[in-house]
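After this come two complexes, each holding subunit A, first together with subunit B and then together with subunit C.
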Partner chain A sequence: MSTELIKVTINGQEFAVEKGARLIDVCREQAFNIPSFCYYQDLALQASCRMCLVRIEKMPKLQTSCTITCTDGMIVTTQSAEIEKAQRAMGEFLLANHPLDCPVCDRGGECELQEMIFDWGDVEERFVESKNATPEKFLSPIVANDPQRCILCKRCTRVCDEWMGEDAIEAGNRGVNTVIGTYGGWLDCSQCGNCIEVCPTGTLLDGTYRHETRPWELDQTISTDTYSSDGMQLSIGSRGGRVHRIVARDRYVDGLNGEFLDVKARFGHGFVNHEERIKTPLIRYKKGGKLIPTTWDEAIHFVTNKFKESGNNVGVVASPRLTNESIFTLKRFAKEVVGSENYTISDVEDLAPFFNNLSVPLATHKEIRHAKTILLIGGEPEEEQTFTAKQIRQAVRNGGAKLIIVHDTPIRLTAQASQFIHVNPKSLDAFALAFADKSDKTILSKIGAAQSEIDDLLKLIGESEGDFIIMFGRDLSAEAQAVLANVAGNFASEKRRVLLHPLPLYNNSVGANDMMAGRKSLSDVLINSTALLIGGSLSKPSALTDGFLSRKDFIVVQEMFETATTEFADVVLPAASFAETDGTFTNNTGFVQRVRQAVEPVHQAKADWIITSMIAREMGVDFGYNFSAPAAFRTLADSIDAYAGLRYPHLKDESKPVQVKHPIAGKKDLSKETDALRRGVEAMPETNEKIIGTPKVGHKLHRLTTMTSKTAQFHLLAHGNPKPENLLVSPLVQFNLDGTPRVEEKAEAASAGDRISDVKRTAGVTLDGKV
Partner chain B sequence: MSLISDVIQSTKAILLGMKETISQLPKQSWTVQYPDVPITVQPRYRGQHLLHVDEMGKEKCVACYLCAAACPSDCIYIEAETDPRPYEERIGRDERFARVYNIDYGRCIFCGYCVEACPKDAITHGYNFELSVYNRADLLKTKDDLLITKQKQSKNYRVALSSEDVDSEYKEV
Partner chain C sequence: MASVAPTFYTNQVQVTDEVANFSPEVVEEMYLHLTKYPPDRKRSALIPLLFVIQRERGYVDNEGVNFLARFLDLEVTDIWETVTFYSMFNLRPVGKHHIQICKTLSCRIIGEPKITEHICNRLGIHVGETTDDEKFTVSLVECLGSCGTAPMMQIGFDYHEDLTTEKVDKLLDSLS
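Moving on, here comes the complex of A and B:
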């Protein structure tokens, strides 16, 4: 869009607007309300609802303003008797077959059709013919469908295609027989639920929130996603201490992600009010004994005594799912209370090599959307950073960006790629080396790609203008990440801005990396300390199997659920979930975003940072927070350079997120890392076998507990290592149409405790698997 | 003042009072013999609410929350639930029904907005007016107290016929 201004007259008033602006947007900006259903910014044009009709001079008929681009001297009328008549008639036609079952419909109260008909429609119905009654049905356990309520705006099909690239939902038949349907009657997709979000009527509904309450009864709390590192903004709908649903509707929240959410963010909230939450502090008085419920006073006292007995040799481990405040308080506990340097985070990868060698700034999601060239090395954003994946897809589809993917697996995004370099399995390090050091020709055989492919890649980058964004996943080793982050700056030129985008796994991986600067490695902490204070659970299963934990004298775990880590714990303190605490998360673009308390902590749970400061106070150190989250954040901001000067009021507006400026290291001498990388690459076995076959996105997502075959995402019920039963407590199991679970699901379920065999019809399958 | 004038003044005053008393004697009595004789209430009298059922005994309420939304004193509390069973087996007439339906008569002002708001004619005002309880908590009535099939109607009232002229405070005396 150019910045050239043209003149448009709307209802007699003249406005200077940008050339190429869409008429409906211009009218709405100038406060001329134009009704529409099918128009949705950021999606392809449809012009099927005919509600946005306007009169444009010298055009013979009324025109749909959503498809008109402003031209110079255009004279537009948006309100007249003629237009109102047309709009009223459209409203009447839409209602011709729309059942008036608003009292039963879950969308009632926030339904765009309901509001529009009140404003523009003819509320009196003149049709006496009976309506086509079609029964409600479930397209999947979490998507309910009432075809009769559909007004065929096709927002859902466009979202499915353009945002998710899945085409799982499509319009079938023609004319008056058109229905929105799925292939085979079953929604075979990643179940992101974005079709539910954008539906203006009650046609597509949240199956987990079915008939639960009404939108005006819910308290809407704007918060941040607790699953993916994209930091998507969402609205938690709670009532009476219970989280009922999570949405990202425009009317409630205006975050970086618009109305986009993924399956975990939208439906994975059942753990908040789950009956298996730890209710009281638990103490295991004897090794190998049972965890016995106790009071907070007793538990804190017990912990303090035991920590003192261990000579204050306490290691502190924080989980990257916690808020910045909690992680920082844990670090303060290590440094100020027990005076040890044994603190770390339990992330699956260490982000320090990336952030310590940053040569260019981080890209925001908006910059990804408008980037001209994107290089993706490894990673699987469609599963792990879904919003990044959506931005990449839209940058290519709608923005004409060039996407280059270097991967050992032909992931689904390769369909969008202009160049795909298919490397040998696990040889991405070798590619990083080749990318950083072009002189080395011997490693090409390890990569399994021709020199010409790399030359093409470099040529494509060399010719590109505008924003060039480099992302790489966790497939790369720490050295490779350090080297890549540092060489990225070399590609910058006058016409080209280079930006980096990390793809960490957890919601607050970046924040945890910032908070716990100067940490030791997890194994060092586990070896060097006699007692442990663990916030959250350990996410690396190896840390548990190595037997470190069983050899510790005393372990305190702050956790929501019983996990594999709490099995080793001597004291378990009930922690609050993200919906019960105030705090901040830092996302993968460096945005610090608020997490707000939606419900009171369930049972006796307390926020992690409160628990830590209670122990600290009992041990004689007062952090001075006075149990106020803003005070905790102030202390944090004052001691971390990137966060300097930030306060909660700065983070108030979710539509203007604040980006922390991670220090840019500039060019560094990384010969040590390069050598280590080279040694690693040389040790790689040579192979010619490549991974063929695109993994299906969402192939495990309906489980909500695992993300890809590669990544165990133990995040839902128990971050860390859930008990096998817990894995199946959330069985959004795929069902056949006759109500039986699908065969492969049944087999897996049977092997893991057979918790779902009695789950019958899909209707009302809640997260805890009850009908 | 002498004693005689005192007597005359007092007698005058008594006679004046008795005149009013005696003049009322032939008129209609206002005292009602409640609870021995039922009180006559107007057909539109707003007493304790009734939750209605259809001809098959299924609750009409679909828990749309409109009554709670219309309530100016915020005394209605509802929890909705879905009941996917077939019509014959389920509790409500529709798939959606109120699992919890509470009215707090400590707060209710009997304005009738809930009745006007109801799209399913599921809630109306009944005639029960004897709502006194010994314990304030008992003023909270649950669905079991409100359902027409379960609510006990008091014997202490009779509803006036529409043609009947019912005593009211507005009546000209």
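Moving on, here comes the complex of A and C:
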């Protein structure tokens, strides 16, 4: 948008506004209230609700302000008897088919239609004709639909298309019979629930929260998503110590993600109040014995004695799902209490090569949205970093950005790409090498791409202006990541700013990398220690780690559930979930954002950093936190350069997140890494076979979440999850989030087996053939 | 165990992944339609292709929709949206003669209800139903753009205008 200013007169007052600004936005910024339903910032225009009417001089009739672009000298009236009359009439029309069943509607109390009609409508209804009756139904286990309440603003169809690129929900039929629906009546998509979020009425509702509470009875706590590394801001709705729902409605929270959330963030909260949470500390007094419930005093005492025996052979492992405070405290425990250098994070994908070789700053999500060129190498943001994917899609579709994808699979985002380099399976490393070292032509056969494709790519980058963002996924080796992160700086010029965007898997991968600077590798820690303190579970207990765990003298695990890792534990300490702790997460753009306590920890659970400091105190070291999260963060901030000076009050406003500046290494000599990368590439088998076929929506996303609470946890579970078969019984049943059908409908669920194939497709649980 | 689906869900139909097969001539015809539009606007060919599908398969069936979704790189829901908008496309099987009576203002004022009632009584069905011999289907549709000759109806692709009950009788007699 150009910064040229033009003059607009609104209700007699003169304003200087940017050329090209939309009238409704300008009016709202200047605090002139204009009602609207269908208008949604950053979505395609619709102008179907006709509520935002204004009078513009020299225009023959009332105009919809959502479709008007400001022009110089425009004279606008937003309130007059004429406009109010028109708006009242529109309100009456919108209600012509509305059942007015607010007392039984879940949206009642936070419904835009309800508020708008109270503010602008005429409560008297003159229609006497019978209303269209359409039965209430479920579009999927988590999306309930009552078509009668619909006012046809089509926000849902637009977010589905423009944000998610799925086109799963559309308006069918025509005239007064128009309904929002799908082919076959079944919603076949990633179940992100954004259509529920943007719906201004009670037409699309959260099927898991159905008839649970009224919205005004919920406490809203602003917190951060505990699944994806995008750090989406959300509002936890809790009541009486239970988490009932998670939303991102802008009336409650105004974070970087707007109202966008994905299926995990929105529906994956069932684990918080799950009945299988570990209730008390557990001790296994004899190897191979049972875990026996005990008291906190006894457990801490037991742990302390055992750790004292092991001395500095104690290793510390932290999950990248924990808060910064917890990870930092675990590191302090290793360094200050047991005097050991054996500390690490349990993620096998290490971000250290990326951050140690950073040559340009990290991109924020806003910069991605307004970028001019985006290069995506590997990764699957649509399944793992959903908000990043949405920003990329909008940058291309609404911002005219050029997207270049280098991938071995034609992922769904390739539909938006202006260039797609289809490489051989698992040959992204070879591409990274070719990208960094343009002289090397011998590896082209390994990549499976023509030289001309790479030339085209370099030409496109060379011609680009504005922001150029490079992202690469976790399918690149550590050396390739190091080389790419370092080579990125070469593309910077006066016209072009280069930014990097990592795509880690876990909510706090970046924070864990910052907290655990100087860590050893996971296998080193597992080999070199005789006792272990594990915060969370090991995310991928391969045969190797399992073999190591069984040989340890003593293992303490801080967990929420019994997992594959706790099977090896001698002591299990009940940890609190993200909804029960105060803390911070650092997202993949370097934003440090607050996690706030919404409910009291269930049973005897305690926050991870409290547990660790309790053990430390018993062993004679006081961390000086006094059980206060702000104090823990203060200590953290004072000892890590990037976080220096930060305090909780700085992080208070979620709409102005604080970005930590990771040190930029500048140009490095990476010949060692490049050589290692070249050796790896040379060892790669040559193949001509490529992966064909775009993976279906939700092919990675769902396997983790929504349906099975045990796979969807704060401390990521590895294996030993309960099987989600029971959610394959029928979509006709409302599910609890752990995948069990709601009790009263179990009988029907068992008999309605004919829908199984659809559920598989929709839930994506078995897309790879596994359950 | 008896399958008792709550009334909530009865609107859901079984959706298959199967894709229809067409003879090479028909596929060629489809490609011919495709050439009328720019290569990056394939979806513009949706309506002519829907007519082809309907002609070949009797109605726009699930397999046909799946075929079109692949042929034009669309989502099935996009096709559903278009199909339901136009009364010329049927998502369910119809009889040999599809009687579409215009129900919009001019026709309704001038006597559509009487015509509809007459046809329904004669065929022994309600609006939206098909006769047992699968010969006739009656439906009411939005304006067909022939208000000057109201009341009117469309059978197949033919307009029948200035209708009276006698005219309708004669017409139905002539259809076999």
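FYI, the second predicted complex is superposed on the first by the 692 of 771 C-alpha atoms of A that agree within 3 Å, B and C clash if a C-alpha of one lies under 4 Å from a C-alpha of the other, contacts with A are read in each partner's own complex, and residues count from 1 in each chain.
Please note the rule applied: a residue touches a chain if its C-beta (ideal position, glycine included) is under 8 Å from a C-beta of that chain, and two chains touch if they have at least 3 such contacts.
These numbers come from a predicted model, not from an experiment.
Asks: Please tell me which partner, subunit B or subunit C, touches more residues of subunit A.
Replies: Looking at subunit B versus subunit C, the one contacting more residues of subunit A is C.
Asks: Per the contact definition in the header, classify A:Lys656: touching subunit B only (first), subunit C only (second), both, or neither.
Replies: Once the two structures are laid over each other on A, A:Lys656 reaches no partner at all.
Asks: For A:Trp216, using the defined touch cut-off, is the partner it touches subunit B, subunit C, both, or neither? Pick first, second, both or neither.
Replies: In the superposition, A:Trp216 contacts subunit B only.
Asks: Which partner chains sit in contact with A:Gly108 here, subunit B, subunit C, both or neither? Use first/second/both/neither.
Replies: first
Asks: Identify the partner contact of A:Gly184: answer first if only subunit B is touched, second if only subunit C is, both if each is, neither if none is.
Replies: A:Gly184: touches subunit C, not subunit B.
Asks: Overlap of the subunit B and subunit C footprints on subunit A, residue-wise?
Replies: Residues common to the subunit A contacts of subunit C and of subunit B are 136, 761, listed in rising order.
Asks: Can you tell me which positions in subunit C touch subunit A when the two form their complex?
Replies: It comes out as residues 1-15, 17, 62, 65, 74-81, 84-85, 142.
Asks: Residues of subunit B touching subunit A in their complex?
Replies: Of all residues in subunit B, those touching subunit A are 62-66, 68-69, 79-82, 84, 94-96, 119-120.
Asks: How about subunit A: which of its residues touch subunit C in the complex?
Replies: Those residues of subunit A that touch subunit C are 135-138, 166-175, 181-186, 188, 732, 747-748, 750-752, 754-755, 758, 761.
Asks: For the complex, give me every residue of subunit A touching subunit B.
Replies: 102-104, 108, 136, 210-214, 216-217, 761, 763-764
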